[in-house]
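Each structure below is given as structure tokens.
In the two assemblies presented below, subunit A is common to both, partnered first by subunit B and then by subunit C.
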Partner chain A sequence: MEQKHTISVLVENHAGVLSRVAGLFSRRGFNIDSLAVGETRNPEISRITIVVNGDDYTVDQVSKQLNKLVDVIKIKILVDNEFVGRELLLLKVKASAKQRAEIIQLVDIFRANIVDVSKDTITVEISADQDKIKAITGLLEPFGILETVRTGLVAIQRGVECVE
Partner chain B sequence: MEQKHTISVLVENHAGVLSRVAGLFSRRGFNIDSLAVGETRNPEISRITIVVNGDDYTVDQVSKQLNKLVDVIKIKILVDNEFVGRELLLLKVKASAKQRAEIIQLVDIFRANIVDVSKDTITVEISADQDKIKAITGLLEPFGILETVRTGLVAIQRGVECVE
Partner chain C sequence: MKMNGAQAVVTILEKHGTDVIFGYPGTAISPFYDELLKSSIKHILVRYEQGAVHAASGYAKTTDKVGVCVATSGPGATNLITGIATAYMDSVPIVAITGQVLSSQLGKDVFQEADITGATAPFCKHNYLVKDVSKLPKIINEAFILASTGRPGPVLIDIPMDILKGEVDYVDEFIFNIPGYQYQFLLNNEKIIKACEAINKAKKPLIIAGGGIISSGSKEILHKISKEFSIPVTYTLMAKGCLDDTYDLNLGMLGSHGTIAANKAVSQCDVLLVAGGRVGDRSMSNSSGVYSKKTVIHIDIDPAEMGKNISVDIGLHGDAKEILNAIYGKLKIVKRDKWFEDKKPVEKLDSKFVISKGCVDPKDVLTCIASLSDSDAIYTTEVGQNQIWAANLIELLTSNKFVTSGGMGTMGYGLPASVGCKVGNQDKQVIAIEGDGSLQMSLQELGTIMQEGLDIKIVLFNNSSLGMVRELQTLKYDKRYSGVCLKSNPDFIKLFSSYGFAGSRLTNKENIEEQVKKMLSYKGTYLLECVVDEDNPTIYR
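Entry: the complex of A and B
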């Protein structure tokens, strides 16, 4: 059965590693839903969080292939409900002086932040799970969304256990 | 002069596009500092935000090469101070019952959120610019950081102007 899988991959921070990892997915016909790369505390090691659609068997196969790449240090397929998943959204919405109060109210309800205001726009920042990001986007849509920038999902295991 | 450049790239959401974009940077010997891919409101278009080190001339050349890739729709090199840059960090830190209050205090000061608590750990979420992320990481370090997951930078232009 096809479903979303969240994979956490620790890699050596070498030129080309990202291209090789992404290439492995695309050669297998996987379209990556989202991908986020960030440094770990060790600047020589990065972590790639990948969300893909696929059945368990295929994701398992891709994970084995990933393990064979020289720059890959560790892979963990995260299990639903055992991790916290968050995404960051920056969203620019049309806002006349008259509409500002209503938008600020929505921003407060969602515990989002306003990061920029111009005469005709408000730019909002929200870090949340994907359902909440969908919800706030839906509520701001009627004002006229001009632009959205999303990070892709990052995930961390609940409790004491770590991938690092 | 080498410096950080933030590049916003709109691409067709096809399998392999990420690998081709990342490959172009690595073939030029650029090591990508951070990369974030997320959907736009149009599910067929994704936006890749890339931070790289390089001189102006080389970044300009890479940008021209990117423009030649079939799946690339639009590229914008963002200008410092004209955009809001944010990154999302999930951080798991050791926390005995005794230390919790002190950690919660730091989390409040930084307007971060607690997303998970276990007997011996607290997991924190913060969306901020990179200096603030460095600051909170530094302050939590003495407690014993177990794991960090970062998204890479996303950026949106200030004011009315858009890349989309």
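Entry: the complex of A and C
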């Protein structure tokens, strides 16, 4: 059964590692939903969070093929509901002086932040899971969204369990 | 000790026992070639860079060493790609060294610049672009270990010219530490017990031997298990020579071009032990559902192969030799009724094809060569009908070696591979089985053979066509022959004679033995051109 799987990958922080990982996905025919990468506390190691869509066979192969890359140190397939996952959204919406108050109210309800205001626009920042991001985008749509930018999902396990 | 990068590379090659490298020079790699003059390492100048990788592959497959090839930046490097991909598919340990433009010029599309690490990433076990000369010794050392351990494969190192010229403080001590790479595995005793229980209980156990049997040196233990516990064995193309072909429990090659006995046994067995094979689509298809009713045990050093092509009940991860030895100790002698049919001996195989006048039957030639050649002769093949004829009609001994491009199916592999085989085994007969299509893909390597004074027996099956594709068009495209005619072939005997090689043409059955003897006893490279009917099929049943 096709479903989303979230995978944490620790890699050596070398040039070209990201292209190796991304290249592996395209040539083996795996579909990446999202990919986020950043340094860990150890600057020699980066952590990649990948969301992949596929059945159990695909996820098994993704994990085994990633493991074959010499730069990949560790892989952990995160179990649904046992991790906290967040994406970051920046959203620029049209906002005349009249509409500003209403938008601010929505932003407050979602515990989002306003990071920029101009005569005609408001830029909203929110870190949330995909559902919440979808919800706030939907509610702001009628005002006229000019542009959005999202990061891929980053995820960390709940409780004492660690990938590093 | 202070030295330049190129000197460090040469020093580490020597340290790893490299005595010969195959290559082609150019500007960016020149500092390396300059240092090579001071070394005892022999350089074989090929005629085309792809030939350097194939030769390194033939060398690696027939010695216990890593094959090393060298090319310059840009086109030199990109010409290696097919060879690297071929080695990757067949898990051959190769270190490929390429020159690169100055590191300050990288990415500026300067003369002879190509992103070879980007281009070869899908076909390499690992690759490096060296940007810091102080890391160069460590990287070269790592490359040898990566290429030769675990599942072997090609590793490429791209070295900018300024790095080759740069100064490094060389310390002759290396610590191999790649946190994400392991090549020593603990055996899973529990799973081995489970596997042995399944085999002991089986009424119809069968072993499929893959290329891992050859590369892990498991021929002996495979034979012991088969013989002592009466388990028949079939093999993939990469494992030809894992057992004597005349051994009674050897059912021959399996798959689309395999024997009837092997394919029947695969579908009828109840416990299937796949040892060191990835079960490629040419060997077994997964769609037939034949695996659902049997217990499949899979031994592989690469965990990613388990469950990739067929579903596996017991996966045994690790070195095939170690695991087979562990299994051997736990198997019981079980009385079983004979459940499989014997392989038809080669002399009884028949293509049912009537050979036209002026042509010979490949079977008659190959069986004659097999009976008259040395027991430790090395065979190379190309890809096409010649490869299938060689695989099915040459009866090998375990002391023979069979060098062929399996996974990638690269035409033009065999001739340069035979160069590597001969360079690595001067005392052994090297017999290159060729087709007229494949031979002309690497024809230029005749120059290498001439320059090095190598003695290679070249058996050319000439049907003036691309026989394998033609046969496909006969069977699947209603004889609509498209792009397979090679009627304007040169006179190969004359061509070879211009390189100083002897040769003769076989056009009738009566002369086969005499000509084969003449070829085998001749000192030096010899062409035996066998004229074959274009309709001569690959299938001999």
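Here is the rule we go by: the second predicted complex is superposed on the first by the 164 of 164 C-alpha atoms of A that agree within 3 Å, B and C clash if a C-alpha of one lies under 4 Å from a C-alpha of the other, contacts with A are read in each partner's own complex, and residues count from 1 in each chain.
Definition applied: a residue touches a chain if its C-beta (ideal position, glycine included) is under 8 Å from a C-beta of that chain, and two chains touch if they have at least 3 such contacts.
The structure presented is a predicted model; accordingly, all values stated were derived computationally and were not measured.
In the superposition on chain A, contact of A:Y57 is made with subunit C only, not with subunit B. In the superposition on chain A, contact of A:S96 is made with neither subunit B nor subunit C. Legend: residue contacts after superposition of the two complexes on their common chain; A:Q105 is shown touching neither subunit B nor subunit C. In the superposed pair of complexes, A:Q3 makes contact with neither subunit B nor subunit C. When subunit B and subunit C are set side by side, the one touching more residues of subunit A is B.
Of the two partner chains, subunit C is the only one touched by A:L69; subunit B is not.
By the touch criterion stated above, A:G152 is placed in contact with subunit B alone, subunit C being left untouched.
Judged by the touch definition given at the top, the superposed model places A:E12 against subunit C, while subunit B stays out of reach. In the superposed model, A:T40 makes contact with subunit B only, not with subunit C.
The interface of subunit A with subunit B overlaps its interface with subunit C at residues 15-16, 19, 23. Here subunit C touches subunit A in the complex through residues 117-118, 121-122, 125-126, 129, 131, 146, 178-181, 302-304, 306-308, going by the rule given at the top. Touching subunit C in their complex are the following residues of subunit A: 11-12, 15-16, 19-20, 23, 27, 57, 60-61, 64-65, 67-74. Touching subunit A in their complex are the following residues of subunit B: 8, 13-16, 18-19, 22-23, 25-26, 29-32, 34-41, 47, 49, 84, 86-90, 92, 111, 113, 115-116, 118-121, 123, 125-127, 137, 145-152, 154-160, 162-164.
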